[in-house]
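A single structure is presented below for examination.
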Amino acid sequence: MFTETLFNAAAICIAMAMAAGLYRAVRGPSSLDHILGVNAIGSKTTPLLVIIGVMYQRVDMLVDIALAYAMLNFIAVLAASRYFQKRRGLHEDSTPSQTPDKGYGP
Amino acid sequence: MIIFDIFIALLLAAGCVFLLGGALGILRMPDFYTRLHGASLLDTIALVCLLSASILYVLTRHPDVNGLITSLKIILIAVFVFITSPTATHAIADAGRRAGLKPWTRQNEEESP
Amino acid sequence: MKKLALILCLFAGGLLLMNAHYLPMWGDPASPASTHVSPYFIENAYEHTKTPNMVAVVLADYRSYDTMFEAAVVLAAGFACFFLLRSRARGKKGGHHYYRHIPTGVTIKIEEGGKLPAENSKVFRSIDALWTPYDPIIQTTCRCLIPFLQIYSLYVLAHGHYSPGGGFQAGVVLGATIILLAISHNLKTSLKRMSERTAALWSIIGVFIFAGTGLLCLLLGMDYLNYEVLAPLLLSDEAMARSHSILIVEVGVTMAVMAVMVWIYYNLSSAGQQDEGL
Amino acid sequence: MIPVDIIVLTLIIICALGALAAKDLMVAAIVIGAYSFLICLLLAVMGAVDVAFTEATVGAGVSTVFFVATVFQTTRRTKD
Amino acid sequence: MDAIPYFIGKYNYWGCIFLFFLGMYAMISKTNLIKKIIGLNIFQTSIILFFISASFKHDATLPILMEEHKGAIDPVMYLNPLPHVLMLTAIVVAVATLGVALTLALKVYRIYGTLEEDEINHAIQSH
Amino acid sequence: MDPIMMEFSQHSPVLIVMAPFLLGMAAAAAGWANRKWAFPMAFLGLLSGLIAAIHMLIKTAKGEILVYHMAGWLPPFGIAYRIDTFSALILTAIMAVALINLVASRASAEKDFTEKAPAWYALYVFFVSGLAGMVATEDIFNLYVLLEIASLSAYALIGMGHNRAPFAALNYLLMGTIGASFYLMGVAYIYIATGSLNMTDIAVILQEMGPNPTITMAFALCMTGLLAKMAAFPVHGWLPNAYTFAPDATTNVMAALTTKVSIYIMIRLVLSLFPLSLAFDTGIIADAMVWLATIGIFAGAFMALAQKSFKRMLTYIVVVEVAYMVGGFWLGNRAGMTGAMLHILNDAAMTLCVFMAVANIRARRGADAFSDLKGLFQTMPFSMGALVISGLAIIGIPPTCGFFSKWYLISGGIEAGHWGFVIALLSASIINAILFFKVFEIAFFEVPAETFGQNSREHESDHHTHHGLPSLAMAEARISMLIPLIIMALTLLALGFMTGGIVNLFIDPAIPGQVL
Amino acid sequence: METLYSITPLLALLVSLAAVPAIVSSRNMNAREAWTFAAAFIKFGLVLSMAPFVLQGGTIHFTIAEVIPGVPIALKVDAFGLLFALVSSSLWIVTSAYSIGYMRGLDEHSQTRYFSFFAISLSATIGVAFSANLLTMYLFYEMLSFATYPLVAHNQDHEGRVSGRKYIAYLLGASVLLAFPAMLYVYVQAGTLDFTAGGVVAGNVNSGTLLVLALMLTFGFAKAGIMPLHSWLPVAMVAPTPVSALLHAVAVVKVGVFCVFRALTGTLGTGPLSDAGIGTIIAIFASITILVSSLMALSQDELKRRLAFSTVGQLSYIVLGVALLTPAALQGAMMHITMHAFGKITLFFCAGAIFVASGKKYISQMKGIGRRMPITMTAFFIGALSVIGLPPAGGFLSKWYLVIGTLESGQIAFLVVLLVSSILNAAYFLPIVYRAFFCPPEEDLYKNESIKESPPWCLYPLSITAIGCLVLFFYPQPFFRLAQLAVSQIMGG
C-alpha cells in the first residue's frame, strides 16, 4: 500500500506542477506563454493519467487514454502555434502578411 | 519485491523533483524562450521517470502477458512524447521567433523592463 | 444587463448550492442512482453480450437508440456547418499562387494568368497565399505520426469491447489525423486525401450503417436495434451476435464522426471557401 | 490528505475563470483547451474512463482546433 | 467532526454548480460572441461533471469487467456505467453544438466585421 | 391488411421517427448525385411518417396505448416509446404540418439555397423527426438527445436567412442551449434522486417517495429549461428575431412546431412524470406561472402592436400564443388543460397557415413591411382569404379552431377564478383583432403607388370604378404554394367543427383522472 | 310540443353560402344576379316550407357538430326564429332586386364581392335566427360582423375606411369583451347554453351576477345599438344604400336585438330577470336610447343619417319590449322586428332611389322632390307612417302591443317614453314628406337635370315593401300568430 500512497503523492505533485503551468496559461504575459502553459499542462496530463490507472489498479485501461492524449495534445499546441506563424504577430493589431517569406528555407 | 518498490519510490521522487523544478522554471524564468526549457526539458525527463515507475509497478504487480503489453504501451507513450514534445516546443519557439519576440538578454531587460 | 445576469446567477446558484445538501454524498454506494437501474447493467452486461466494457454495452446495446441519435446529432452538425458556411464564391484574394519547389525549397510566386505546375506534380507543391513557413520538422513529424495515429484509432475502435474507447473516440482520433495533416501541411493537401464529397458521403453512410442495422432487425421481425435477431446472419449465438453488432454500429459511428469532424474543420478553417486556411 | 480530484476541480475553476477573463480570444481559445485537458483528468479520476477518453480526444483534437480555426478566420480582439 | 467529510462529499457538486452558473453568466453577460461560446462550453461541461459525480462510488473500480469477476458480479464493485453512457452522448452533443455555434459566429463576423455584441447591435440599428 | 403489413404496422412508433430520418439522409445523399432527387426523398420520408402517425392515431383512438421497446430491452433498462392518444394527435399534427410546408416551400427553398437545397431538405427532415421523437419518447435522456437534434437543425435552418439571421440564430442557440442544459441538469437531479430515466418508472418511484427537495429542484430546473425553449415571456427574447429573419420556408414550420412541442413536453412531464401534487398542491408555482403567462400575454401583444413588419408582428403573436398555453395549463383544472392541449394542435395549424400566407405575400412582393401590403386583396385574393381565416382563428372567432381552444382556456380561467388571465385572453383577442385589421385595412384600402399611377388613366377611360381602387391584375402565388395554403385554411375550419371529437377521443383520456 | 329532426334549417342556411362560389365564378353580371335571385328564392321557399309545421307549435332541430360537451353547434327552428327568418329571407329578395338597380344605376365597382358578401350575410342572419344555443348564435353573429365589413367599407375610400374600422371595433370589441365572457360564465355555471323556456342560469347565480350578465349580454351584442354603443351605426351609412337597408332594416341591427332577445329570455330567463328587477334597469337604458336618439335624429340633415338615428331609437323599442318581460310587451317587441323591418327598408330604398335618380343626399335639398318622384315619396310616406306607428301601417300594431305591455307591467314611465318618442318620430319624418310634396322646388338645385323616377329595379322593390307595410296592418295574422306562439314558448307556457 505504501507504493500506492507514493503514487498518490506523485499525483498531487503533478497536480501542483500543473498549477504552475496553469498560472502561465492564464497570466501570460505574451500570447506564446499561454501556449507554453497549456503545453506544460498537457504534457503532465499523460503521466497523471497513468498514475490514476495505478490508483485504480487498472493501468491497462488508462494507458490507452494516455497514449491517445500524448498524441493529440500535440495537435492543439500545433494549431495554436500555427496560428501565430500564419498571423505573424502576437497582438491583435498585427495584420496578416500577404507576402511569403521568400528568403526563408534551406 | 521490496527492491522494486524502492526503485519505484526513487523514480517517483526524482520525477516529482524534476516536475517541481520545471514548474519553478515556468514560474520564475524571465522570458518565454527560457521558460520553454523548463517546460519541455524537465517535463520530458520527469515524464520518463514517472512512466518508468509505472512500468515497474505494472510489471511487479502483473507479471503476465497483460502486464507486459501494458508496460509496452507505456513505453510507447514515452516514445511518442519524445517525438511530439520537441516538435511542439519547436513549433512554439518558431512561432515566437517569427512573431518577432526577441530573446531575453540583460540589455533587453534594462531597455524595457 | 450584466448586473441582472449576475444577480440571477447568484440567486439561482445559491439555491442550487443549498439544495446540494439534499444530494447524496459524493461516492455514496447506496445512493438511488447506484442502486436502482445500474446494478442490472453491471450484472447482466457481460452475460448478455460477452463484452467486458459495460459502457460500450450500455452505449451500443441497451441504449443504442440514444447512440444512434448521438451520431445523428453529429451528422446534423456537419450538415449545419456545410449549409451555413459553404460557398463556392471565390474570396478576396488576388489571382496569384505560391508554389514551393521541393528539391530546392524555394518558394515561387506565379502571377495571375501565369502557367501553373501540374496538379499532381511531385516537384512543386502548392502552398497557401497566407504567409506560411515551410517547416520540415513539423511536416516530417506529422507524416510519421499520422499513420500511427490512424492505426491506433482502429485499435481503439476494435478494442472498445475490452478497454475504454469505441466508435466515437476512434472517429475523433481518425478525424484529428486528417486535421493534423491540414495543420501541418495545408488544407489542399488534406482535401486531396479526403475531399468534401467523401466526407459528406462517409458521414451519411456511417449513420446509415447504424440506422440500417436497426432497420435490418426490424425487417427481420424484432424490435428496432434488437441485435438478437441478427445471430443467424452473423453465424453466432445471441450474445455474440450482440457483441458483433456493437462493433458494426461502432464502425458506423466512427465513420460518421470522423467524416463530420473533418468536414466541420474544412468549413470552419477556411470560412467555407475550402481553398486555404489554418 | 486531500484527494487529487479536489485539486483538479479547483484548477478547472481557475482555468474557466481565466478563459473568460482573457483579453485576447486566441488566449481564451488556448486556455479553454487546457480546461478540457483538466476536465478529462477529473473524469478519469472519477473513473469515467470512456468519458475521459472522449473528452481527451474531443478537447485536444477537435474543439480547441475549432476554436483556433474560428479565431483565425475572425479576430482576436475582445472587449471583455 | 463531520465538516471535512461533508466538504469532500459535496465539493464536487458545488464545483459543478459553480461552473454551471459561471458558464451561464458568461453566456448572458459577455459581449464577445466567442466568449459566449466559451461560456457555453463551460456550461455544458459542468453538467457532464455533475452527472459523472453522481455515478461515482467509493471503493469501486472502472466499469470494465475484470477477468476474475466473470462468474459472479457484485454491483458494488463497479462504477455505475449509465451516467458514463449518457455523458458520452452529451459530450458529442456539446461538440456538435460547439461546431454550429462557431460556424454561426464566423458567419456573423463576415457580415458585421466584429464579434462584439454591442457593436453588432449598433450596426443593426444604424443600418 | 395482409400479414406483412400487419407485422410492419406494429413498428409505427419507431417508424415515425426513423422513416423520415433515414429518408432525410437518403435525400442528402441523393442530393449529392443529383439535386432533383432530394425533394422526392424528403417528401416520401415525411409522408411515411404521416402514415405511421395516422395509423397510431387510429390505434390509440380505440383505447390502446402503444409502447415500443427499443432494442427489445424493457424499461427502465432500455429506451421505450410510449404513445397515448394525445401524443398520437400531436405526432399527426407535426407530420402533417411538416409535409404541407415541405410541399409549399419547395420552390422558395430551391431558389434560395440552390446547390445546398439537399442539405436544407435533410436538416428539415432531421428537425421534424427530432420533434416527433421528443413527442414519442418515454425516456427523459433520449428526449434531450432528440431535443438537441431538432434544435441543431433549427439553428442551421434559421441561420441561412436574411443578413441578420446568423446573429439571431446564434442568440437562439445560446438561449436554446441554456434551456436544454437546464433540462439536462433537471434530468441529473431526477437521476440522482431516483436512479431511473424512464418516465413511468420515475413516476412510480416518486409516488412512493413522497416530497423531496431534490425532486422539487429537478422540477424547477426542467421547467425553467422548457420555458426558455418554448419562449415563454421573460425568456422569449430569442424568438422574434430568429423567426423574422429566418427563410420563410423555415419560419413556417418552426413557428408552427418548435414552441408547441416544448409545451407538449412540459405538459407531459407535469402530468406523467412529476407527481401532480408537486405542481398543483401548493398552488404557488401554478399561480406564479399563470401570472407570468398573463403578463406575457400583455407584453407580447403590446410588442406586437409596435412592429412595422408583418412577419415580425406574427412572431410576437407566437409569443402570446405560448403564454396562452402555459397559462391555461397551469390553471390546473380540466377545462384549462384541455384548452392548452387543444391549443397546441390548433395553434400549430393556424400559425402554419398565417405564416404560409405571409410567405406567399413575400414571395410575390418581396417584402412584408405593412407598406408593402397595399392592394393585396385584389392581387392575391386566395392567399388573403386564407390569411383572413387564419387571422380570425388567431383572434378567436367561431367557427375557426382558435375560438374553441380559447373557449376552453377562458372557461378554465373562470372556473379557477383567475380573472387576470381571463382578461388577458380577452384583451389579447382584441389586440389581435386590431393587428389583423390593420393589415386587412391596408391590403383592402390602399393601392401600391406605382400601380396606381400606371392604372389611373386606364381606369378613368374605362370608368370601371366609380370611386375607389383601380382594378389590379391578379398576381397570385404559384400554385404549389397556394394549394397547401388553402388546404390549411380549410383545415382551420374543419378543426373547429371537430373540436368535440378531438377533445373526447384524444385529449380527455390523456388528462389524469385526479384533475377535475 | 312536437319536435322534428330535419336538415331543412341547415339547407336554408347554406343555400346562400353555396351560391357564393357560383357568384364569384360568374362571368357576367346577369349570371351573377341570376344566382343571387335563385338563392334568395330558394331560401325563402325553404323558410316558408317550415312555416306550417312551426305554426302548429312544433320546433325543428338539427345538430351540425358536437363541439363542446353540452354545447353543440345546433339549429332549432321555433316560432320566433321563423318569424325573423321569414322577414329577412323575404326582404333579401327585395333587397337583391333593389341592389341590382342601385349598383347598375351607379355603375359601382367590385359588384361580385358585393353580392358574395351579401349572400354570406344572409346565411349568417338565418343562422342567428335558427340557432339553438348561445354558442351557435355567437358564431353566426360574428360571421355576420365579418361578412358585412367589406359591405360597409365597400367604397374603399378614406371615409369607408374610418367607418369600417369603427364598425368592426364596436361590434367585435363588444362581443369579445362582453358577450363572449358572459356566455362562458353561463356555460361554466350552468353547463349548457341551450335556449330554454325558463333560462338556464336560474338557481346558479345570485342576482348581482345576474345583473352583470344581463348587462354584458345586452351591450355585448352591440349590433342592437343601445347607447352608448350605438355610434357605429350612423357612421356605417357610408355604405351603398342597399347595404344600409340590409344593415338597418333586416340583417345586422335586427340580429342584434334578436340576440339580446334570445340571450335575455332563453339563457337568463324571464323569470329570474323579473324577480331580480333587472328588466327595469335594461328598460331604463333602452328608454334613454329611444329619447336621445330621436332627438339626435331631429338634428340630422343627411337623410340616411336621420334614418340611422331613427333606427337606433326603434331598436330600443324592441329591447324595451324585452326588458318589460310581460307577454304583450314581448309580443309587441317581436312584431316590431317585422314591422320596423318593412317600414325602415322602405325608407332606405327611397333614400337610395333619390340618390340614384338625383344624387341628393341632404334633406334640405329635397324640397319639391315629391312632384318629380311621386311613387318614391309616397312609399316614403307609408314607411314613415309605419315607423311612427300610425295606422294604416303595420307599425301601429306592434306599438300597440308595446303600449299594452307597459300597462301590463304597470310601469307607466315607459308608456310616457313610448308616446313622447312617437311624437318625436313624427317630428323628424313628417317634415320631410311635407317638404317633398308641398314646398316648391328650388329650381337652382335641379338645373340642367331632368330628374325622374329612379330605374325600375329600384322602384319596384320599394313599392313592394311599402305595400307590404300596408298589408301587414290589414293582414298581420301569420306574424301575429308566430309572435303569440313564440311568447308562449318563451314564457314556458
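Annotations
The letters A, B, C, D, E, F and G name the chains in turn, as written, and every chain counts its residues from 1.
Note that in this section contacts are C-beta pairs under 8 Å (C-beta built on N, C-alpha and C of every residue); 3 or more make two chains touch, one makes a residue touch a chain.
Remember, predicted model here, so these are calculated numbers, not experimental data.
Contact count check for F-G and A-E (C-beta pairs in contact): higher for F-G.
Ranking all chains by how far their C-alpha centres lie from the centre of subunit C, first place goes to G. Averaged C-alpha coordinates put the centre of subunit C at 19 Å from the centre of subunit E.
Distance between subunit B and subunit C, defined via averaged C-alpha coordinates, is recorded as 30 Å.
The distance from the centre of subunit D to the centre of subunit G, with each centre set as the mean of the Cα atoms, comes to 78 Å.
Within subunit A, contacts with two or more other chains are made by residues 16, 19, 21, 35, 37, 56-57, 60-62, 64-65, 67-68, 71-75, 78-79, 82-83, 85-86, 88. For subunit G, residues touching at least two other chains: there are none.
Multi-chain contact residues, meaning those touching two or more other chains, occur in subunit D at positions 17, 29, 47, 49-50, 52-54, 57-58, 60-62, 65-66, 68-73, 75, 77. Subunit F contributes residues 7, 11, 14, 18, 21-22, 25, 28-29, 32, 68-73, 76-79, 113, 115-116, 119-120, 122-123, 126, 133, 139, 141-142, 145-146, 148-149, 152-153, 155-156, 159-160, 166, 191-197, 205, 212-214, 217 to its touches with subunit C in the complex.
For subunit D in complex with subunit E, the residues that touch the partner chain are 3, 5-6, 9-10, 12-13, 16-17, 19-20, 25, 28-29, 32, 35-36, 39, 42-43, 46-51, 54-55, 58, 62-63, 66-67, 69-71, 73-75, 77-80.
The part of subunit A that touches subunit D in the complex is made up of residues 8, 11-12, 15-16, 18-19, 21-22, 25-28, 31, 34-35, 37-38, 41-42, 45, 48-49, 52, 56, 61-62, 64-65, 68-69, 72-73, 75-76, 79-80, 83, 86-87, 92.
In the complex of the two chains, the subunit D residues touching subunit C come out as 49-50, 52-54, 57-58, 60-62, 65-66, 68-70, 72-73.
Residue ranges on subunit D touching subunit A, taken from their complex, read 1-2, 4, 7-8, 11, 14-15, 17-18, 21-22, 24, 26-27, 29-31, 33-34, 37-38, 40-41, 44-45, 47, 49, 52-53, 56-57, 59-61, 64-65, 68-69, 71-72, 75-77.
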